[in-house]
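So, here come the structures, one by one.
One chain, chain A, appears in both complexes that follow, with chain B as partner in the first and chain C in the second.
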Partner chain A sequence: MAKRSVLGLFTEEQVDEAGDALEALASAGYTTTEYEVLTGTPYPEGTFGEAEPKHKLFRWPLTGAACGFIIGLVLTAGSQLAFPLVTGGKPILSIPPMAIIMYEGTMLGAIIFTIIGILLESRLPRLFMGAYDKRITEGYIGVTVTTEEDRIPRAEEVLKQSGAGDITRGWESK
Partner chain B sequence: MQEHVQLSQKKINDDLLAGVLGMPKWWLGAVGFLLLVIATGIGAYGYEINKGLGVTGLNRPVLWGFYITNFVFWIGISHAGIMISAILRLTQAEWRRPVTRVAEVMTIFSLMAALSNIMFHVGRPWRLFWVYPYDFSRGLFMNIRSPFVWDPSAVMTYLIGSTLFVYVALIPDIAVVRDRATGKFAPKIYGMLCLGWRGTPRQWKLQAIAGILLSALVLPVFVSVHSIVSWDFAVAIGVEGWHSTIFAPYFIIGAIHSGVSAVAMIMALAMWMWKLDNYLRPDHFDAIGRLLIVVATTWFFFFFVEWIFALYTLESPELALRELQVFQAPYMWLFLAFLLTSFFIPVPMWLFKSVRRSPGLMFLSTILVNIGMWLERFLIIIPGLARRQPLQFDWGSYHPSIVEILVVAETFAFVALGMLLFSKFFPIIPIFDMKEGMQVREEIKIGRRIVPASIRETP
Partner chain C sequence: MASHNASGHNEEHHAEGMYVPFTSQREVVNDLVTKHDKISDKWLSGVAAAGFLLVLGVIGFVMRVNDGVSDRMVWAYYAMMFSFILTTASAAPMVAIAPRLANAHWRRPVSRVAELWSAAGIFSLLLFIPMLWILPPLTDGRRSLWFYNSDDPFFSKVPVYSPHIWTTAALLSLAALGIMLLWLSAMPDLALMREHSTGWKQKWSARLSGRWIGTTEQWNMLHHRMGIVGALYFMMLVFVHYLVSTDFLMTLVPGWIDSLYPLTHAANSLQAGVATVILTMFFLRKFGGYEDYFTLDQFWAMSKLLFALSLLWFWFWFSSFNVFWYGKKPSEQAVLKYLMVGSYQPAFMAGFILSFVTPLLVMMWNRVRKSFWGPTIMSVAVLAGTFFDRLRLYVAAWSYPGVGDYRVDKHEIPFDSIPAANMPGVPDVLIVLGVIGGAVLFYLLAARLIPPVSIWEQKELMLYKLHKAYHRTEVLVLGKPR
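For the complex of A and B:
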């Protein structure tokens, strides 16, 4: 069944009302994965009584660093072994320049994986905006519920009772 | 922060997007002028490609000239960008908010300008691809032992890292532009660029962590890049004045000195051009001025130590080089100008609060620093090579040609144009950061005084 979303809009001053709306939605049987708050600026965690977002971002840089290190090692050692140029009777594998390339590879891997991790953990890119209002980036607070179509009217009712000004609907997916 | 202007979220949007959604009268003229300078530089470079490096002033033994000087200069400028942003983010300094993006964006364009100097210098730029791992079919792979492979690997890591850093921090602000943009294509393009950002608590939390985590990752890269650039010189054992173990930290602190100065300069320009007086306050210039005193003094200490190390050896070639730098024209005049502009004029100026709080004077003093730091790189590179070595049969001097001057001018125009174009299409001051700053700020009463305070949790 296609999911639909509904958005209740609260003004900048209605922070408590937006928090109440989340509580009311929970009481009405909606799960924490079904509703969320949308704001145009970062509020301190738990401002609206929302659950603390869990993430595994810190695994990403470590994985990336390991990949980058291995690529750096293979590239430097491999190219020297594939084209052995003996210089001054010294060993083929020259450690100081290898260390530089491996270091840069490690850091590049860590950075690229961190960026990928940030985007994926943030649930981006998002193909369907669902119910959204441009006034959110102007300071309004949005409380959105994404659920089956038949549960939308009840969510609208809860949002209205909590003090939401405008209520709009949107498709979550097609 | 003692000064503060409380603004609504709508007002912040209107102010910081004024340049993005509208077009000031001066904008087209400025872009046109910069394009003209760039076109002239590209024309000069085309002439150089056609005729060869003989049209430059390079001459045996001075085979590194304006282009390499300019390369080191732009690498230096790029450093402070991320450095200032990363350190201020990591320490959660409140005054970072309007400064970070200017610094980060400057990093990207300066790095591009730096890389272009290598292209100008190599003479046959179409052979540059030999530096990169390509394939085995040519029967020859890059020699990873060469410093000319270290440089691209370090600079490209830094460029990719800082570009991604800027982009991630820009996503919430692109969403603001998406919601304000009009027309057929602009909302769609900004919508795609912000990847469907909505501003959920999860997204904001990860955005906060991203700022700190990426800062922590980019800082070691920033240190490595200028260390490696300095090793281009330091590993050359045959050139007096270059073969020094202190070069890596000396170059890094020099880069920070010129880079932080450039950030202050761009802050003043941005304030005047985009009318950002409510966001870039005298307090911000005061803070960056105090930071500059510390940075400049540390840089001067390293400069002094480098000289002491050189003179303490009492080796005649080293002494002869220092004599050339300090007592023989034209280098003596350049050396004098370098000392005055990079330290002895600006630092005493910054000791006065009235100077630090004046955008005009900060602009002037930081321009001086960058003139001085450009001369510093020139004085390290050219006199070192210009000295006649034992068994040298061919000995010329170096005079920059008009081609080199035009090409170097092109790099300055390129960075300026890049900043100008960026600020036309994206907010140059982080909107969400400013809004958060307004939100967490409060005035508290202590005794008989009411003082501003900021309360913020650590992500």
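For the complex of A and C:
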């Protein structure tokens, strides 16, 4: 079935009402993937009681750093063991010079994996704008519901009851 | 109690240099969009002046091109100006990165001012193109980072254009990261302009803002991306300074071996970057109509940074100088004589006094730091000091006889035949003016497309500030996000 979106607009002062709208939508049976908050400025996380977005960005530099460290360790230890030249009576596996290469490897791995991570975590751009109101950029708060067409009237009702000033509809996808 | 005027201005706090005197997001949007949309006479005058200087620079460049690229000496001032822009404009975005990571409120109006200088990164890339022809390949026998040795069967295979290749790659990466940082940070404002502007600005804003509508996920992702791209910009900036200061400076001076200097070059750029941003803030406050945003708080906070980095200037300089002076090998004494106490001594003294002594003696006083004129005048001094410091190093390095000639020894300057100073000719003066004009022109044009004060970060401030009665006075309470 075709999906539609509906937007309820709240003023800058109606932060609590926007939060109430999310609660009411949840009570009415809408899932967290069906509604979201649109703002012109980043409100502190959890202001509207919305679900905290999950990302795994921090895992990328950690993984890259671990890989880089291992490669640095294998490269330095491996080459010294393959060509065992005793220099100045020092042990074959001499930690201080190995640490420099391992550090460089760790940093390089972290940077490369971070760039890959940003690209993958960013995902595809949003293809459909859905219902939108330019007053959101002026400070208004939008609560948008994207769902099957037959569930839109109920969503509108919930938004109105929560105190939304204006309600607008828009196409999301077919 | 503070008085309020009709537009929500809190005049008493404004006079004290407190945060933006608006109480609602809409007021901030209206004010900043109006300011940005208006093409003022002052902006047009700035563009005309910068454009005129750039034309002079192009004339000077053409005069130099007629001299060819084989004699490096005639390009010494050009190389100096390339490094000057890299030291000042390309380092300015760092002022946006570090305080943003620290969640400081005072930096909100400053961030975009600093990020917009990354537009000048494109200009420094353009400036770099002729440098690829001017810098000789490694076959002239100079020391290098790249292990090239024409007598060794293995190391003779190292590409002789390694400095050209790697520095180009690093500069491209730095410029790309700078533009990416600016674009990310401006995306919410571009979306706002998509809705509020008209004509070409609306069209470009729509293209650049993509599908930004301000969902919680988009804000979350923006925050993380800016943090990561900012950190990468910092790492790449240090790397670029490392490559430029070795391949385009130190290796051209026989006997100049200093493992600390690449970091000194990068640290100097942080000082000059802060000075660049303070000066830009002053101009935007004085001529751009942004006096409500660049208040004493911004100047005070930035002046502390400038003061600290000016002290660091001495630490880096003395650490290197001490090794050469105490070592006293003939090659080290010759380097000191050539770069510091010989024919370039006036430029060295000017750099020393303007970059360190003057900021130390003047900015140690809080009354000077906490003012509009104090940090601004000191910024001019620091930028002039940086100019003279780059002059005595780059002009001296590129003017040393024998650069590019394999028959000339590249390992030691003969102590009894230190070359004389290379004084600027008319084309050099034109190039100096043109490069400064070009960087300013790029900034002014970028500021037409992207608001020089971050609108969304100013709106965000409205969520965290509160004027509250406190006994017999009123205080400003600021919350901390995240």
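The rule is simple: the second predicted complex is superposed on the first by the 107 of 174 C-alpha atoms of A that agree within 3 Å, B and C clash if a C-alpha of one lies under 4 Å from a C-alpha of the other, contacts with A are read in each partner's own complex, and residues count from 1 in each chain.
The working rule: contacts are C-beta pairs under 8 Å (C-beta built on N, C-alpha and C of every residue); 3 or more make two chains touch, one makes a residue touch a chain.
All figures in this text were calculated on a predicted structure; none of them were measured in a lab.
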Touched partner set for A:Ala24, first chain B, second chain C, both or neither: neither
First (chain B), second (chain C), both or neither touched by A:Glu121: both
Touching partner for A:Val143 - first (chain B), second (chain C), both, neither: neither
Partner, of chain C and chain B, that touches more residues belonging to chain A: B
Partner chain(s) touched by A:Ile111 [first = chain B, second = chain C, both, neither]: both
First (chain B), second (chain C), both or neither touched by A:Tyr132: both
Partner chain(s) touched by A:Glu36 [first = chain B, second = chain C, both, neither]: both
Contacts on chain A seen with chain B and repeated with chain C across the two complexes: 12, 36-45, 50, 53, 55, 57, 111, 114-115, 118, 121-122, 125-127, 129, 132, 134, 136-139
Touch list for chain C against partner chain A, complex: 24-26, 29, 188, 191-192, 195-196, 210-211, 213-217, 219-225, 228-229, 232, 235, 456, 459-460, 462-463, 481-482
Contact set on chain A toward chain B in their complex: 12, 36-45, 48, 50, 53, 55, 57-58, 61, 75-76, 79-80, 82-83, 85, 87, 94, 97-98, 100-101, 103-105, 107-108, 110-112, 114-115, 118-119, 121-130, 132, 134, 136-139
Of all residues in chain B, those that touch chain A in their complex: 8-10, 13, 133, 136, 140-147, 149-150, 153-154, 156-157, 160-161, 164-165, 167-168, 171, 175-176, 179-180, 195-210, 213-214, 217-218, 220-221, 224, 228, 432, 435-436, 439-440, 456-457
Interface residues, chain A side, partner chain C - complex: 12, 36-45, 50, 53, 55, 57, 111, 114-115, 118, 121-122, 125-127, 129, 132, 134, 136-139, 142
